[in-house]
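One chain, subunit A, links the two complexes that follow: it is found with subunit B in the first and with subunit C in the second.
== the complex of A and B ==
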């Protein structure tokens, strides 16, 4: 059974991820933690763009809402960071619900324009409201635990990412996931067989926003300094590039993309600040010539699977 | 204060209208929003700076060369990136967004983060109706912008080529049946859209210098104008552009300068709530 094999593989990878940081130094651990943040961001953006065909440019803004809501509450009002993250998540979900309801009726282009405008508004507000957010200086926020420890952060991020991925996986492989795909492929046809298009879209938007808010909140309490870099177009672009390069519309694509690009970014940084340009060029080529990303390319060239139930000689795995 | 804010609003409003016309043309014909519109605006500014300030070409010639180069680049972009995505709006959104980020970072690498600015066309200031002294360069920008808009209106409303454009944006299939080569028209109109961004760029950059990311705000404003005016409506662009220019400048003068760009977005959200089709748009079924 393919399902069993998949489950076994996932368990193996998870076990590998659990022991991976033990032998590593602080710097590689940091890279892994940031990668896990991007895994959550890219996977949830993929739920929007890859599964329901809504290209949102406000995903980084949602992470910013989560980060700043939690950051302000904990730093200024002394609330427990975990409760702060919870509130940030809910706030991001509510904003997502509002934005979704506002522009989803009008379809693709309006959504992209409005989310782009929204992320710019948020950026301007954060930079301008110095008293509350400390503008471009950045807001110092408390850590999640009494003693700052990279390894604990790694396991928290890993747990969070696994939880989010499990939720997204379940959603995508449920009836709802079929509805998502139906809406993406042919809105009219989906409507005609009784899919509530608007409801499905707004739901996907709300869930994705909540995930981004959650990831952003965690990330903020890891960095300990939140700056307007989180709700920025650059971060939005990373998330988009990771998803597009990894493989939009596939479950594993964004995960691979997030790890690959974030690690690659660190390597390129040794030579200077060229990583955004390099990612842009790669993403442009991939989006143009391989719209299903690297995963799609790999699938296209790997040997055809033997038909289930028919005994064949084992094919050496690629 | 009021009078000068209105004047500033008019100048910038004309440029917004010009930038929005480029977006609107492409949306109307191809149903594609070019997210790299602002970066092409900036590119034209850099070109005119490069030719006029660095190479010493006459400023007018430098502007025309800049517009022509951006027009050609637009055609190239359409041919290589946009054409394969026809029928899938999502990919054109993603591709042009990536393109805008690539261009921003390329500018940063080539020109550095510092503001650059082509030479002024005219010097000095004029007394406007005895109310205030106003920079001649800004007045010239206002006139030049209005002139380009007039040319665009003439071409689209009065010429044979304009008839083809209008026919295709109204009903693509019917236009095709009547012998319009829509593939070529797409290429041309995308190039023209980019050229209009470039025109706005060369006119405004002597007043507002270019930086690698200055295009984002311009493009966003152009998008807001297009949605405000109604997708594909040319009068909508003009009225929307002027309105937005006025609202931004009056808001900056009387409410807050830091939030200058937010006022436009508030209008956008109000329009989406109250009249999603925009001021001059027809509601789609």
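== the complex of A and C ==
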């Protein structure tokens, strides 16, 4: 409907995002960079969970695969970080393909449990393969540029996030997007109208995993020290919370959620140990009063156009 | 040659023999009703034919091809579409989107504008044009059945399989629905295989009737032959 208005608004926001860090200090810039990482994570997890209904707990693990693949290749084999990130992305996509295929016949909680197990196994391997990953000590990896500069990282992350969002947006609004949602709504009915359900499910897994691997690779080369914190359940549930609180199954929801929660997390850091409690309380309040997320809340208060024509119309006679 | 032919189709669930050695056929351009008491195996036969599950034994031939055990999406692409006895709309999608899912899988290369107008035409055909922007979960049962018919039609099938689409309609609505089903054959040239309990409608619209009872074909004939057959009366009313 409002395609032009939407495009204009996106352009404005993008322009705003371009000038936003200029007046800010190092620390707010860091928060924004991390937020952009989470935008990519939450949006791609949303593709999987929100659009095809596959609630995977292995998404952070995919970011871990991207980060560690690129990290190890660059730190130990001296490969260019960009090539490393590319390889990490492909590797995450392949693992996602495998995991997606493994979970094909599973739905709901079984898929979640399988991906949870996968995530834990990967975490254990990374912690224990000390020679390769340096375990919980963390692996030092080279930066993306010769001279480390927050602002450059910000623009790289912004460009990456915009690219990923553009791809996801296009996907969601294509025929594939319709098929994704049909599969989520009712697999049997989707099959009956010709949707290749197995293909659609595995494709969503592969694409989402590739994005997570890409985001993880970039993130690693920004942090310069990658630890098992990336492929951890903490990060997984953080991404989940962002998506759900922002508004699962919508395009904008996870973006809002990623910024809102990541910035909020920084704000409530002062409460020390209590910041987790504050976080939980906020999640509770949102779950109680805005079950469709922040976006759903906004939609609820938008004026609704009057319902027309809920009358029974006769089936036309020949 | 028959458009759809089932040869000795059997299906058992554990120890329960739901279908045994069912032979039937649907000629191109005809409306064939499938009737029988509750639990006779009508919906099971639908599922076995349309690829929801594989028959335990037997063969399904559609349009000259053996489709036994093909998945439902492949069967659909060959030109067989169905509705469900308990409706299965894509609840959180709008009515128009429900139809578009079917349309984009039939015409993947067509532009979105074509898909939308194609889908609107189908919605219009079942009288749901006003509802296109509403999520399917807001529809009542009768509207959901119509939506499913429109969705099935949007796959541009050769054979439409309807599973009890008249339940809950009053006499006048049944008349309209019968006219609608006939129009599918007369105007669109579809063949229809139709599970129905409303005998009056079956008598008016169907050319052939297949009677199932306890997983077997009790008889096949014209509607008149069937309703006057003592075996059929016995199957419905008991001894």
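The rule we apply is simple: the second predicted complex is superposed on the first by the 288 of 318 C-alpha atoms of A that agree within 3 Å, B and C clash if a C-alpha of one lies under 4 Å from a C-alpha of the other, contacts with A are read in each partner's own complex, and residues count from 1 in each chain.
Throughout what follows, contacts are C-beta pairs under 8 Å (C-beta built on N, C-alpha and C of every residue); 3 or more make two chains touch, one makes a residue touch a chain.
This structure is a prediction, so every number in the text was calculated from the model and none was measured.
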Contacts of A:225 with subunit B and subunit C, given as first, second, both or neither:
neither
According to the stated criteria, A:192 is in contact with first (subunit B), second (subunit C), both, or neither; which is it?
second
Have a look at where A:277 lands relative to subunit B and subunit C in the superposition and call it first, second, both or neither.
first
Contacts for A:12 in the overlay, against subunit B (first) and subunit C (second): which applies, first, second, both or neither?
neither
Of the two partners subunit B and subunit C, more of subunit A gets touched by chain B
After the superposition on A, what does A:125 contact: first (subunit B), second (subunit C), both or neither?
first
Contact-wise, after the overlay, does A:116 reach subunit B, subunit C, both or neither (first, second, both, neither)?
first
So, does A:291 touch the first partner subunit B, the second partner subunit C, both, or neither?
first
Partner chain in contact with A:159 - subunit B first, subunit C second, else both or neither
neither
Is there a shared patch on subunit A that both subunit B and subunit C touch, and which residues make it up?
none
Which residues of subunit A touch subunit B once you look at their complex with the stated criterion?
49, 53, 55, 57, 102-103, 105-106, 108-110, 112-114, 116-118, 120-121, 124-125, 127-128, 233-234, 237, 240-241, 244, 274, 276-277, 280-281, 283-284, 287-288, 291
Partner subunit A, residues of subunit B touching it in the complex:
27, 31, 33, 35, 80-81, 84, 89-91, 93-95, 97-99, 101-102, 105-106, 109, 216-217, 220, 223-224, 227, 231, 256, 258-259, 261-262, 265, 268-269, 272-273, 276
Taking the complex as given, what residues does subunit A use to touch subunit C?
175, 178-179, 181-182, 184-186, 188-197, 249, 308-318
Contacting residues of subunit C [partner subunit A, same complex]:
50-52, 71-73, 76-77, 81-82, 84, 88-93, 97, 100-102, 104-106, 108, 124-131, 142, 146, 151-152, 154-155, 173, 176-177, 179-180, 182-183, 186-187
